[in-house]
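One chain, chain A, appears in both complexes that follow, with chain B as partner in the first and chain C in the second.
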Partner chain A sequence: MGHHHEVAVHEEKFVVPARLRNITFGLMGIGLVAIVVGLMTDSHRFWANFLLNNWYFLGVALMGTLFLATQSVSNAGWSAGFKRIPEAMATYLPYAFAGFAIIILSVLMHWNHTYHWTHEGIADPTSPDFDEIIAEKVAYLNLPFMIGRVVVIFTLWYLFSRVMRRNSLAEDLQGGFKMLKRNKTISAIFLPVFAVSWAMACWDFIMSIDTHWYSTIFWVYHFAAAWVTAISIIALTVIYLRRAGYLSIVSEHHMHDLGKFMFAFSIFWTYIWLSQFLLIFYANIPEESIYYQERFEHFKLLFWINLVINFVVPFLLFMTRGSKRNESMMILVGVLLIIGKWIDLYIGIMPGTVGSHAHIGFVEIGMFLGFLGLFTFVFTRSLTKASLVPTKHPYIKEFVTHEVL
Partner chain B sequence: MYESPIRRPLITGKTSYAQITDDIATAVEAKPTKWWYIGFIVSLAGLGLWLLTVTYLLVTGVGVWGLNKTVDWGWDITNFVWWVGIGHAGTLISAILLLFRQKWRTAVNRSAEAMTIFAVICAGTYPLLHAGRPWVIYWVFPLPNTYGSLWANFNSPLLWDVFAISTYFTVSLVFWYVGLIPDLATIRDRAEGVRKKIYGLLAFGWNGSAKAWQRFESVSLILAGLATPLVLSVHTIVSMDFATSVIPGWHTTIFPPYFVAGAVFSGFAMVLTLLIIMRKVMRLEAYITLNHIDVMNKIILVTGSIVGSAYITEFFIAWYSAVPFERYAFVNRAFGPYWWAYWAMMTCNVITPQLFWSQKLRRNITAVFIISIFVNIGMWFERFVIIVTSLHRDYLPSSWAMYSPTWVEIGMFVGSLGLFFTLFFLFAKFLPVIAIAEVKSIVKTSAEEHIKKTAEKEGIDIKEVNPQIA
Partner chain C sequence: MSSQKYIIGTFNDEEPLLEAVKEVRAAGTPIHECYTPFPVHGLDEALGYRRSRLPRAAFMFGVLGFSLALFMQAWMLGYDWPMNIGGKPALAWPDFVPVTFELTVLITALGMVGTYLVASGFLPGNEAKMPDIRCTSHVFCIAIPSNTADYDKIHALLMRHGADEVEEREIEL
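This part shows the complex of A and B:
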């Protein structure tokens, strides 16, 4: 198929349209109002939402780097042409870190009760607040150790994402194969680093909310959720950029592959969901089943919606080949998954923080929109910083001629 | 389809389509070599041992095993899970790698799938015999019957196993056979007399028309789509045999994905053990290249690391849970009377695969062979550790017990290896061990000669970007 070889690859400079910029400002404005309302009405609710959204977008940003790492170690050519999108997503990391610094500060200042294990006297047998189960865990769950871990973890994530981005941009200037190799090595090292650090971050920030409760699959579950969200955001961004006249080198073949990723990993998320739920439900050990008991009792509607949005709908809609190549369908599924994963996290965080009276109102929606605005602002600004098409990527020719037959 | 010249070649040396047919079909047509006879006779001896021990078992009863009322699962289930695990690489290679369009799949899928089928057959013998009365094994199926309330227990993961494994076996077999059809036709076209008749029958009248190929492609894709969830489901269900219980060390939520990763890990190890010998004995080095071995070693590294991180997660969460029974179960594993099994598992499964960070070792045949054996051993110990150490000291210290296998169990295990290798040797003799048609499909992208040509056309120095090409 020699005629394919001649497709020209040009640099493309993205400019954030004024309308998009105004929308992000508007969203951030709504977020600010929601924060103020939240703080004035119910500060626990505010902090729970603050944690939720920070964690959500931290995951999205980090999965940008993880996506690049997986593509790099597997010598993938099909994703080379839009790699600037996950790269730009990862530039949100410092903002998420700042958010978590605020959360840790709030814990230190006792502004909220998000983490039960940080209570005064919880591990002190003479205190009226003594909790003998938590006392068993203080060797791990204590603030100095936790803060130390988080600092190391965040530093590692930042360094890996920065260096990978820097090498990728350097490749645009110098060409050749050196940067491809270098990023491959860095990516290979990043994968085990990610596994360990992500597991700890999941335990520290999310699992320790329900301090007594534990589940070995927990970090895999959160990986699956964040990964699906990130893939959906990549797919939606590709569609947006194509409609705005960029990334013409992306064809329906690439969209088909992105659709397959969304399809496969929404099933993977369900698989992990089922592994955790079914085993806890079946064995019915009270220490474990209490987790689902609370959620099933007080969050029943969302409990089912979660499965419908994150599994049933994408599964049915993306079953056929044609639907994965249909942009409108992909927008629908992508938006549903982005909302669905927020709901999933909501059910995860709220029972242990706000409690059974938690509900979705202006504060919840407003704060999510605010964070979405901030993320989009940072993300699109980073997209403008380099050519959207990595013209000198060694696999760019494979990308352009990519076909899914 | 264009491929970058920096990708490593998957067929080395001078290649022509006729050459590929000759290289692979000759092995089926020629008389077996001396090595084949030696290997086959040794395997037959193993099969004989299997028949002997199984007959003895059936005549006398399951009491001839070393099980006791505390440790009521021992080598039987260990071997069952071990064999099922090994039966994971083949369908992963043929199905998931097909969906991912991994071209290196083409040279190894046939033999890996065959191995899968034989491993699942070996696995199936254990529950069949463990159930005690294999002649009424059909009772596991929900069949209408006149025995009153006798009906399959749908709440039991053991029943889910029946469905998961029989479905997996069926689909794997169909997938493997469908893939064989065009190659069987090739053998038929070269054969004469009775052989022509037999291969002709097996080839289902394949005529090589465009329509036939088109259907072949779409059925492959459909089967790949069906087989992919099946690969995951089998070991997921096997893990649930343990994880749905309330036994410390068994009841842990990471079991399903971690069992699947472990299964792929052990499956690839067995594929490597077999292929390293096969490519040498059958002179297939040009098709099963060092690059294939390198890639499979990377999969071993990844899945081995997943298994390792699951071990560590389990240990950590056992401590974190603050449940005394959980904590004890894991400490007992590592430092109790079965410590040697635990550390054998940790060494073989966690430490050895990490050696594959080194590209030199990934491409060193001797090292790979030894490491693949280590992984096979390690994964056997993993199942032994999970099953026996969790059972032998239960909630009631007065019933604590030790377990060791009898000669019958050992004989059955060694014998099952005989069964497995007997089947594999027969396969290697009578069927094309490499998918002829599929390997031909990558000549124009991945053959060494083609890559050299592309590099030349683009003015790239091949030695610099692709040192694997001499």
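This part shows the complex of A and C:
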């Protein structure tokens, strides 16, 4: 303390540069072409990718709200200065909901076979399609209950993220501790609500693809993946905004902390990956090991790339203090993790939907770029709606003087 | 280690000490060490300390623990006494991960503590080296080697910054 330069805290209005806007439109254009190509060549492939990308960015958007909630209940000051970024990420939620509405519609209209348990006669002992294992799960896995769950879950997520954002913006006008305390209470309620609802969303949309199979830490695994992606996107956005002349109040100390988050949760993701894999490997019960058998047989290269890109590389590159404070290194690790988590989701979804002939081609890459463009468009547009710096946040002074040794 | 002559300045508070340290260093006089009852924020920086090299030792101990753990398990289960456990291959790598992880952490932690104790001279039995026993409770001391300092100048400087006492002593630090 005492040896800091005085950093002026003042309002910053972000304006989306024309170039960035054009890039997002270009990406969305590529995405549209990929969707058309996918639909015309192999609609299963299209639907699988549609689910993958929707889920990916749903996770990123929701983790924005979760990040704010964790920072709020822990009274964190170190993240106060860039909290507009996770807030803006969460404004993508309605777009993700729209995507899932389309997916549910496609299931109702039998446009695809993504969810095997929605098959006609699957729980009917007289039907030729009868499946004994799935019949046992029908009490939970049936469309009316599933749609009901999803509507409730999405409504809760939307309300929490909206109210937290609204209070946060009101704080900028009023100042004082009132809104901070209110958001803290809301966050404390959100955390358990999130834990249960996120677990259900993971079962409903992803785990039920491999209907016979189950894992009790599946949702933790997906939380870790989405969380790492979201932190990486926050870090890359901070770097982008600083280079564009905004957020000068963010120092290398904050970047160091964001780097530690990326580093630690990459390890956490690996820990959960192994926890899931090791027990199944040990027990070797056929209905459990088939999950990894399919992936190991037909997705062997990606199976290993997944571990290297999401664990080994960030672990080694981000181990030292200096590397976490190095912008180029953070861009490299952030981009790797963003791609890595997409690959992780790819080998989670593809074996049960497209099957052994799944491969990464124009449809996969194009659709991801399209969704990335849409997400970036919504995200950056929301960033322009309020001052990037929450000038009247009670902890903004603590943020400015934040120091990591 | 033999005794040497030091100018010992004693302060009642950390702020005057910090200011004094800055001025002594600015005058180009080397400082041996400061002795404080608690970590003083900014003192490391004022004394111009380089960052600790402990993380490098930690990395090497980590590599050592990782290799030892892998070698131990591979040798025991794969070569010395192979067993059929649930039909798994003798060298089943997923089984090795938890033990490898734990031993890496253990060897790293023990190695770091050991390195720290040796490098700082804090091993059990080591004599505590400080100019004044009160440094453990409420007094802040600065030790400046006499052979590179001008006693009168330093004395005046420290007194000006509010030192309670300044004296020259032959002492082992």
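Note that in this section the second predicted complex is superposed on the first by the 400 of 405 C-alpha atoms of A that agree within 3 Å, B and C clash if a C-alpha of one lies under 4 Å from a C-alpha of the other, contacts with A are read in each partner's own complex, and residues count from 1 in each chain.
The criterion applied here is as follows: contacts are C-beta pairs under 8 Å (C-beta built on N, C-alpha and C of every residue); 3 or more make two chains touch, one makes a residue touch a chain.
These figures come from a predicted structure and were not determined experimentally.
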First (chain B), second (chain C), both or neither touched by A:His44: neither
Touched partner set for A:Glu287, first chain B, second chain C, both or neither: first
Residue contacts on chain A - larger count, chain B or chain C: B
In the overlaid three-chain picture, which partner chain does A:Glu136 touch, first (chain B) or second (chain C), both, or neither? first
Touched partner set for A:Val220, first chain B, second chain C, both or neither: first
Quick check on the superposed pair: does A:Thr320 touch chain B, chain C, both, or neither? Answer first, second, both or neither. second
Does chain B (first) or chain C (second) touch A:Arg149, or do both, or does neither? neither
With both complexes overlaid on chain A, does A:Phe177 touch chain B (first), chain C (second), both or neither? first
Give me the intersection of chain A's contacts with chain B and its contacts with chain C, in residue numbers. 1, 278, 282
Can you check the complex and tell me which residues of chain A touch chain C? 1-3, 274, 277-278, 281-282, 284, 319-321
List of chain C residues in touch with chain A within their complex: 41-42, 45, 51, 55, 59, 86-88, 92, 94-95, 97-98
In the complex, the residues of chain A that touch chain B are 1, 4-5, 73, 75, 77, 133, 136-137, 140, 177, 180, 188, 191-192, 195-196, 199, 203, 212, 214-220, 260, 267, 271-272, 275-276, 278-280, 282-283, 285, 287, 394-395, 397-398, 401, 403
For chain B, which residues count as touching chain A in their complex? 1-4, 6-7, 99, 229, 232, 236, 240, 243-246, 251-257, 298, 302, 305-306, 309-310, 313-314, 317, 320-323, 357, 464-465
